[in-house]
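Below you'll find a set of structures to go through.
You will see two complexes here that share chain A, one where it goes with chain B and one where it goes with chain C.
So, the complex of A and B:
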């Protein structure tokens, strides 16, 4: 059973991750302490190789930490096996990837329906997918396949896919990296609105100063450690 | 459990590399079509051999005295044979019945002799039961009910003894306790075209044989069924009804050489079909492995979204399912016209038989008709789907093992 320590969604203590490439060890995270509460809009920034994506992968139960403790939604991730991790991702987490990563052979609606189907949502999933797409201003693209949409439109569909089942936590890895300014703005406003209206929590890694402007909390990673953790009023 | 969207996903994924999909489908189709044709031939050939053996006297089933199979002792007789015959005739699915007795004998004409097995027959039933009688050319006539002191011999015996129609032969047969002789007149000379058979046919009426050797009744009741596929079920049924001291055997036990030959042919063709399916399966596995490697990132994304491993396996197997369906349709399109021709016109293998018309005392048909039926559809879909799904198990297992974080790191 997924529990919740009050408002705390993510809790990391001394989190480390070291990649091993044969005899070579490449440390990515070196003792990260972090807490994220429900409803936060958090940006993780830092130079390339600072450990942003690794941290997101660990929080998203996509990868395993080498050391330290990580609890997500009250669950100690080190105690979960592969199947339980997949179940956690499916039921409670939403993902937005840098390169959209929609299923190319499915339409926008089907991409959203696909995740709902995996979650075991019955006949109402089609209506729910339509509802989410409509809410995110994507109704007219519902029957288009990814290659028939622009990058911005695809990324918005990816957000629709991530939030369709109202996950508690949405993780976005450089979501605006491939978008122009206008599309990046649209996407960020959309994510903020979802947070405001549905109380979803967003954690995203980014290099993009426009994204940072929208964040309420900015965590700066440097060489695998939290260098700064600041709160500010979003733009 | 596969949902509607996953089903669509699997189907549409086939269009991503249309050339690869087409090649896979055609490969599966050709392999399955070869399997269909091989089986059409195997089963047709098996049916031909069963028909040849059973119509050459062995029957599909034969009722014999207990102990005959082990000793082949011709003096043994059926126990309560009239009751046994009545039981046989009352069975469902029985097409024809004939009964015979056999004895070892010596034919003599002047100073020339020939040793052989003399068969005492019921002329009316033997004439329509035994293809050695009704399919062969005959000089003179075959035996008739009520004939006395008459015999029909093979062309080769006639040649050896230098006799013709209406010649009287001295026949000496081992009787109950001593050798018995009688003078019989040749009324027919059978020409099967097989030297082996023509030197072994010597038919007299059962009543003549009983009278000469003094042992009443037949040694065997041979049974032809309407459908050879009911041999085993009829055998079981008959075994329960037979009088004690009688037993029932199949054509395989009556004609063991032919049965062994048929089994050998069948095993070889099955092996050939298996090799074809195996080669096609390896081809499919290679194509599926390539597809999985190419879509490594995609499977990583699916895993990241929380798709359970078993559903990733199901997705790939569903993709294989579509290839299998396509392969089955291609297989039917390719094999059906050939199988139809094989079944309707047959293939004359007399040139391959080198003039041999018999094997193990059985008159062989030189034309083999393929077996064509609804099984072709089940076979096409069954083999095609089984091969593609089996060949996709390993790629599917690899796909569900893909580490999402590692796959996402790859650009």
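So, the complex of A and C:
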């Protein structure tokens, strides 16, 4: 699955996405060129409507591009059908959403277990879910349902779920948007630690300066194009 | 079916308990109605069936052709002994009972100053041991109250009219088969109020031999009532009886032919069952469809998230369908338990329709039969199963549309919803 260049996880060339609503066309991405290598901690920033979430959705095989080429883990996404894209997401990608991340009727442990079950992990999934939660300092929440946790705690459990199967790439759409400063810091430190210890690659879409501070690479989108692609030392 | 799918489906029902309760209640009410109404019908029609297929009517009846229309004394079956013997040779025959019916006048047999007031009556000659069994004309009487030589049992209504009580005598005036007047005085042994309206209103019931002697009908009777092994095989039994040489000229009727109106009424039960099954379908469909549609629309983002994680649409379909089926099963279980409990309790106590309708008395006369106003409902397990089946089918159908919509969601749009 990994492409020719073992380090290259995402490769986009002239990537475009145009939304069509009847006769109206709304371009979201207009020729994005991008490469993300394994182990990077990337933040995609830009004003609202700049195409951040669209780019993340395309990389996450949640949506299809209308033009250009996009390879994720060496796989040309344009050639994948709905089922194959779901398979790719399930096996190699992890997702953290802005809100409503967890299945409300399941406990934190069961939420993590659910993804492992989807991946075909057998009876050991409960123990493995417990290990992941413990590893991330969340064992005290293991038996709580989402409504019994704060927003920050829920997001941390969502990260635990996203990384439980050791995905190559974790995509996070505005993960700190609903969190206060303290919880945002805890979450970002957790993700940094996962990158450092397990070599996972993280790509965020955000306009939260706290996230940007933690990123090693910041890609700025403006009007559907990459305006800046900068590397800097994280805070 | 994965365990988590079941777990999620089950717990989802607890998310909006009021809505789930409404859905469950609608289904439970439907199933409860189906079981109780069908239980009442089953009890009512079964008692009716028991009467028309019991010793009173029998599975097959034999008469001389035309007797049922005219009921004349001389329209008898001759060579009764031979006919009975031939019928008894058939292996499926359980009992054979001959009867004589002859119009007469009855009057108090006590001497008095005033002329006795006569009432129209009917001499009924019966095979006493056979009629004393459950369902027979004399079923309710103890041995010491049964009619014997020189004694009779009077129908209760006739006895009231004649102001006669057991121990008194009744004078009976009739005609023999040749039209000559006959009369005698009999001791009233007891009164009877059976399932036969003629007996109750007009009956002067005596042993068959006594009636044959009184009406000069040796080795003759007007009716032979035959009980076979199974009332459902009455047609086959009738065909075999028709082939007997001693009865080749007789009219041989099954219970269905003898009481077609009652058979049609019993047949109505199937339609009643179907109507209430349809009501259950509608109640279940409304309850489940409403709950599932609301629940699915509220969870669009959740479904989007599940799809984004890699959940296959088929699994969402199974999850929603299972939720619908669980909702249906819980409702149908509640309805079944409550319905079965009510049917069981009332089957012990009976339901007095007469009292509920403000009618005095406990019996109604219909088609010459005396039927009780008191109904003992009967739980028909098949109706419980029909209800469960109906709800399951409805659950699948009602979940189809929401499941279809959820499976077609685009994760990116659904997550933003």
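Remarks
The criterion applied here is as follows: the second predicted complex is superposed on the first by the 230 of 235 C-alpha atoms of A that agree within 3 Å, B and C clash if a C-alpha of one lies under 4 Å from a C-alpha of the other, contacts with A are read in each partner's own complex, and residues count from 1 in each chain.
Just so we're on the same page, a residue touches a chain if its C-beta (ideal position, glycine included) is under 8 Å from a C-beta of that chain, and two chains touch if they have at least 3 such contacts.
On a predicted model such as this, the values are computed, not experimentally measured, just so you know.
Look at chain A after the overlay: chain B and chain C clash there. In the superposition on chain A, no contact is made by A:185 with either chain B or chain C. Within the superposed three-chain model, A:208 lies out of touch with both chain B and chain C [touch as defined at top]. Looking at the shared chain after the overlay, A:40 reaches neither chain B nor chain C. By the touch criterion stated above, A:174 is placed in contact with neither chain B nor chain C. When the two structures are aligned on the shared chain, A:57 is found in touch with chain B and with chain C. After superposing the two complexes on chain A, the stretch of chain B that clashes with chain C is 184-192, out of 76-84, 184-192, 238-246 or 256-264.
For the contact definition in use here, the residues of chain A common to its chain B contact set and its chain C contact set are 57, 60, 62-63, 83, 86-87, 89-91, 95, 97, 101, 103-106, 110, 113-115, 117-119.
Only residues 2, 4, 7-8, 11-12, 14-15, 301-302, 305-312, 410-412, 415 of chain C touch chain A when the two sit together in their complex. In the complex of the two chains, the chain A residues touching chain C come out as 57, 60, 62-63, 83, 86-87, 89-91, 95, 97, 100-101, 103-106, 110, 113-115, 117-119. Taken together, the chain A residues at the contact with chain B in this complex read 53, 57, 60, 62-63, 82-83, 86-91, 93, 95, 97, 101, 103-106, 110, 113-115, 117-119, 161, 173. By the touch rule above, chain B contacts chain A in their complex via residues 3-6, 8-9, 12-13, 15-16, 297-298, 301, 303-309, 311, 403-405, 408-409.
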